[in-house]
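Remarks on the structure that follows.
Lettered A, B, C, D and E in written order, each chain numbered from 1.
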């Protein structure tokens, strides 16, 4: 077990390292000089050089990359002398735009993204599993076909089209919901809920569709398993057969896939957050991209990769916990 | 109490579709005496499994069953599902071919043995059920049953799993055990052990057995009455000795000829068609 | 490397060189990946196996599931490489073969597999399947693909008009014949039949066994016949090798092995085989005889 | 709607909400320098001088702030002396004297911090190796003879030096503060408000600076008790909220509205709220005069004839959001002269005249060139309009859309800029054109990177004229000359002025004293008519 | 975010690496004989009976025709996709289209764009070109990469598989959307459509490759592979002649499901401003530019939105049906 975890951790670090390197290469090679951008109008070449030196981007590639990596684990210092800034680990550097520490920016925005992700996840999980079960129970009947139609529609509607349509309909035309506004839960729970309702729905629709289909397929498949027949042959009540022998095996893979999807979403729902003006990681990513704010892009990319990789690992560990067949350390 | 444990009359199973009734079991009649052992033999697709599932009332979706199945004098086909449930597992138990896929990988074998027991015997505590499970496992010669009861199916070998399946049926002391190819997936040595086990249990409990197999040698060793099926039809039936010494139907004769013997003369095996027809 | 634990074999009596001679074959598999950390475990599936197949004879390899029969077969067919040991076929060291020589070897050794459907590519027509060995070895197809396929099908007792069909359109026994036809396409000297009849119903199994025997009589090639069903083995083998846990525990003439098995494992195996009582068979034969006589008399 | 502010009289108290898309660049005025943040700095920082209040007679004028009066230049114009008012304090209660001012100003020379307005560095004398107070120490070019007096020594006479000390980086800080990233998250305020909380990218809250004394401040009114900046909202959402005016949005203000919103403010009560502001910037197309075909003045003139400014206007949001520009200096900037050297019927272009000019240099069959533009919907629409107009004289325009983040770098690097580019230019101070025209045409400012003269015109006549006008100490007279200069430059047509883009604002119902300005809306005179509402 | 065929991906993961719809081998029993030729006929007949599938097919064909015949259609409608029409918009009101429903009428069938009065019909028609071209090219490239890498990894296993799998894992762990945007915004605007295809495929192929790999791994265990090997087939011959044909249905299904994913991705990237370069119209870019106008001129938003949604829906439904039909054929 310990070896398995250690192995996974090592693999995870390798993937993260590659993501780092890859991102770094792309920005190092492709990106325009941020110094010029920071310098703005009325800029002199000396000023540009100075900014480059401050940012450390006058260094050769590998030096920069090494500094970045050490910054991640041990922190680093920007500038020299009295102006030196200590950036504690995990140091992702400072935004070129606002000079905020990227780590702080992420920490500040994570709650918003988490709220969005958790709400959406609850919604899609409930809707997806319920829809899938209903579909499976009513296989081939009207309800099944109806749900199939809904899921296809849900899967096909681009989320920004859905987001804009919802906003147009619910806020602008019908006035059922107020415009999104940054309100803390503790200040005004109702308003808070109204703010997040649309983002939750938008993110949940596509996912719910996928989960519905998945649940349906899994349940139908499980019901054909021989062990379900065995359970029935034992004279168990249909309720028991369903609960124990159909649902648990059918839903186990869904739980694990859910872990991945959720982790992915935590890293920011770019489009949804942008459309609804939610200051989460996703919007930060979108903004930093338009502003070519490399440290922030790097930070978000790494965070997202980190979450996916960790999610992956958690899922694997979870799987070993809930599926007795997956025995760690031995290959069947 | 009658002497006939199971009486099947005119059992027909079909999967009706656009092209017609598509019958896979066609007016089958047979009887099983209390404590007797009945063998159903026939080649792949001859309807053996459908027959057993029809008795259990577990036919797959889309299947239609007609005819009469009387168990201990009760007409099973007329029973409502709820009542049928109280027979399944309790009085009629079934063992399936593939012991791995027939056990739920998510639960310990103990849980799966106890499950049936507790659902048929009200007011049984977990502890009691567990004791029953351990005892059943001991009866099928699983060593260290008290510990193994908490293992998962994948931690057992094929033969052991099949023993677990048998233990599952044993805990209920059923009057009838239907075994659908219980040894096909197993090695000969393991097969021999399982067949011995079945015989032992029958001797202990006096349960009736319906053994379904395609292996004539196996039925010849285990059962006293034999039903030969082909394409859903009953070819012939009778006491084992009669079928083996004086088969009436040409099909049965052909089958018997085609079986390679381990201690018989070597020569061209007789097949359906004179040579190896097309 | 296993040099340490391989026991040198006594050289056999100076007989005519066998078609196939395998010596001290060992095959180890790596199990449980281990990932980036940790070492992988090794599992010895074939452990110091030596065997011979002579021209025109059928060597049957029997044993229970997982005893290493298929692995041995695949080593001999050079589908996998041995961890150690040598295989000599027709005087050549099999594991040294490359290029043309390997192609030649491939046409001299052919395989027939257990599952007739799995061993035929479901997306290829029968014609393509049976001519594939020639195509893969870049050899011309004598008389053209169509005629060649038709002739082959005829030889294994299939309707030659069915060459354009797909495997799924045949029954199990017919499909197995296609597999045999494919093996015949290159006129092999040795056919390795790995559980070639195990998946078939008895009547079909009998047909295929008969076919194999007939072909051997006609063409004179050798079989390495792998099976777990001792009854089948007895019907077809000239000699028998019994495997258990990757080792050959007993080998000898069929009648010796079946009649007076030496190894306890062989005895256990033989004892476990279900049998129809010989006296019943005898009675049946008598009844049969009687019936036939009655019928003749009636005529 | 006009430039006279929203209705009602501002009352003391309440919270004004500001809805905006982008975060402020920096809280530290030595670092930040753009229209949005400059207006914000006015709430928390004070300097020697400042741009007059938004409701002043001449809102472009520079007036004293912490100084008793405007600066006094020495006769040679190389020394400027200011006297500070008494009783000035930071938000922590410490007094503000010339020492703190010198310290704050000298931060502009710190290479890591002083990345904001360059004007102090450009004008005040300092050794080349001077690197600000943290690294070098006291500024040798600034003297503080006593607590109330501060003297600046200039590199060269600069008649507009009052404008330089009105720049946002000329503000006081307690000695020794502000090193490293200290002012990234916090401020030390000298103005009427100070920072309450700051969540980057999301919100800023300001509360009153208790130590600010209204008696020392003639410009700032500081009506509201607090400010709340909501950041990160989409433009469309901001407009929707302003239109709807729900809850605290009656107390909200924001930047200019989107063109799409114009159509929805036609109802009388919204018309009442809507206010438009004149443009201080020009949108133009610069042409690389060093390369064919734009090395020929005829071709450049033809471009000026050919563009369809009416179409450009519609594409940019119609006549409320865009006006045809024929001069470099916009109407609202002091020194503007009205002229149109390349007139056309209804400003929709004169392709015939353009064709004629092209034929005169043998380009009658047209040519093709690449136009650099920013990936911004309006600018794209403008570029597409030019594409359409020039197609009439067989000129094929290839659009090269550059991401916003890299656009200025690309066009500021002559080696990377293509044949032409669309961009805008605003003066650094609206009271004079000295920062409007010269950066665009002075041949001596062409650099490899960060170039502002994208036409790369280097005409000795133009260069000489710039020096001549800059030397004038009578600023009004100089402004007249800048207007003349504009026309002289346009005769050479290094660029095609396209539009002046005024803005329309829609403050909340309860907002009073809101006088928007595209140069910089004065936040310090805004208040609520009813502080209890919202 | 719908930029990858998540669903198949997810189901693939659930089913242990095999696509549920992918035809398995004929069951090792007596399979209903069915030649591919007749199977094809059966599939097409079943397909034609399915009204929804036919409707979707018709819509897709119409869009393709529309894309192909764009210049002709525009000639008929009278306005090109880039042509300004000042008379169709109101300069006093920020340039909103004159007339009801975004200026729809005999002149401009779908109305005009606010501000510049470009004909929406023409832009939809030309936008279809871009959307289809990018989606189809990206699908082809993805399929090629996914199939080749999946086959190679699945067949050779061991170290090759290890490397390919790691690369796939790495690419899938990558926040692809963020990265696509970052890369695209950093890259020059020239050849943007080509770059879009490259970038989309670069992040897209692992999803197909993973499924192909899984199937290859199970197909490789089938005895016909061993038979081919014993007959002297080289690895390449086994991969491409023996295994590949068995992946056909998987690939068909994956491809039909990838197209809508990529239509969506292209639109999404254009929506975020890093897609096709103006003035070239694409549906996503049209939707993006309609955002500020959606309250004033809903038609401007709804028309491309509806076209996009229907196209994605059609491909999705089609893929779903094809999968079911091919799946049924195998079961």
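Operating definition for what follows: a contact is a pair of C-beta atoms (placed from the backbone, for glycine too) under 8 Å apart; a residue touches a chain by one contact, two chains touch by 3 or more.
The shown structure was predicted, so the numbers you read here are calculated from the model rather than taken from an experiment.
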Item to check | Graph distance between chain B and chain C, where chains that touch are linked | outcome: 1
Checklist entry - Can you name the chain that lies farthest from chain C, using the mean of each chain's Cα atoms as its centre? => result D
Item to check | Between the pairs A-E and C-E, the one where more C-beta pairs touch | outcome: A-E
Next on the checklist: Let me spell it out: compute each chain's centre from its C-alpha atoms, then which one is farthest from chain B's centre?
Outcome noted: D
Checklist entry - In angstrom, rounded to a whole number, how far apart do the mean CA points of chain A and chain E lie? => result 23
Checklist outcome for this item: Rounded to the nearest Å, the gap between Cα centres of chain C and chain E is 48
Checklist outcome for this item: Note: chain E sits from chain B at a C-alpha centroid distance in Å of 51
Checklist outcome for this item: Taking each chain's mean CA coordinate, chain A and chain D are separated, in whole Å, by 39
Checklist entry - In chain A, which residues are in touch with two or more of the other chains? => result 14, 32, 172, 274, 289-290, 292
Next on the checklist: Using the touch definition from the top, which residues of chain B touch two or more other chains?
Outcome noted: 44
Checklist entry - Out of chain D, which residues touch more than one other chain, so two or more? => result 234, 240, 403, 405-406
Checklist entry - Which residues of chain E touch chain A in the complex? => result 1-2, 6-7, 10-11, 13-14, 20, 166, 169-170, 172-175, 177-179, 181-183, 185-187, 260, 264, 267-268, 271-274, 284, 287, 291, 294-295, 298, 301, 305, 308-309, 312-313, 316-317, 320
Next on the checklist: Which stretch or stretches of chain D touch chain A in the complex?
Outcome noted: 22-23, 25-26, 31, 33-34, 110-113, 115, 118, 122, 134-135, 179-181, 184-185, 199-203, 230-234, 237, 240-241, 244, 246-247, 249, 403-406, 408-410, 412-413, 428, 439, 447-450, 452
Item to check | chain A-touching residues of chain B, taken from the complex the two chains share | outcome: 56, 58, 85-90, 93-94, 96, 98, 101-108, 115-116, 119-120, 152, 154, 165, 168
Checklist entry - Which residues, counting only chain B, touch chain C once they are in their complex? => result 43-44, 187-189, 191-192, 195, 214-218, 220-221, 241, 244-247, 253-264, 266, 268-273, 275-278
Item to check | Interface residues, chain D side, partner chain E - complex | outcome: 234-236, 239-240, 258-264, 266, 310-311, 313-321, 375, 377, 380-381, 383-385, 387-388, 399-403, 405-406
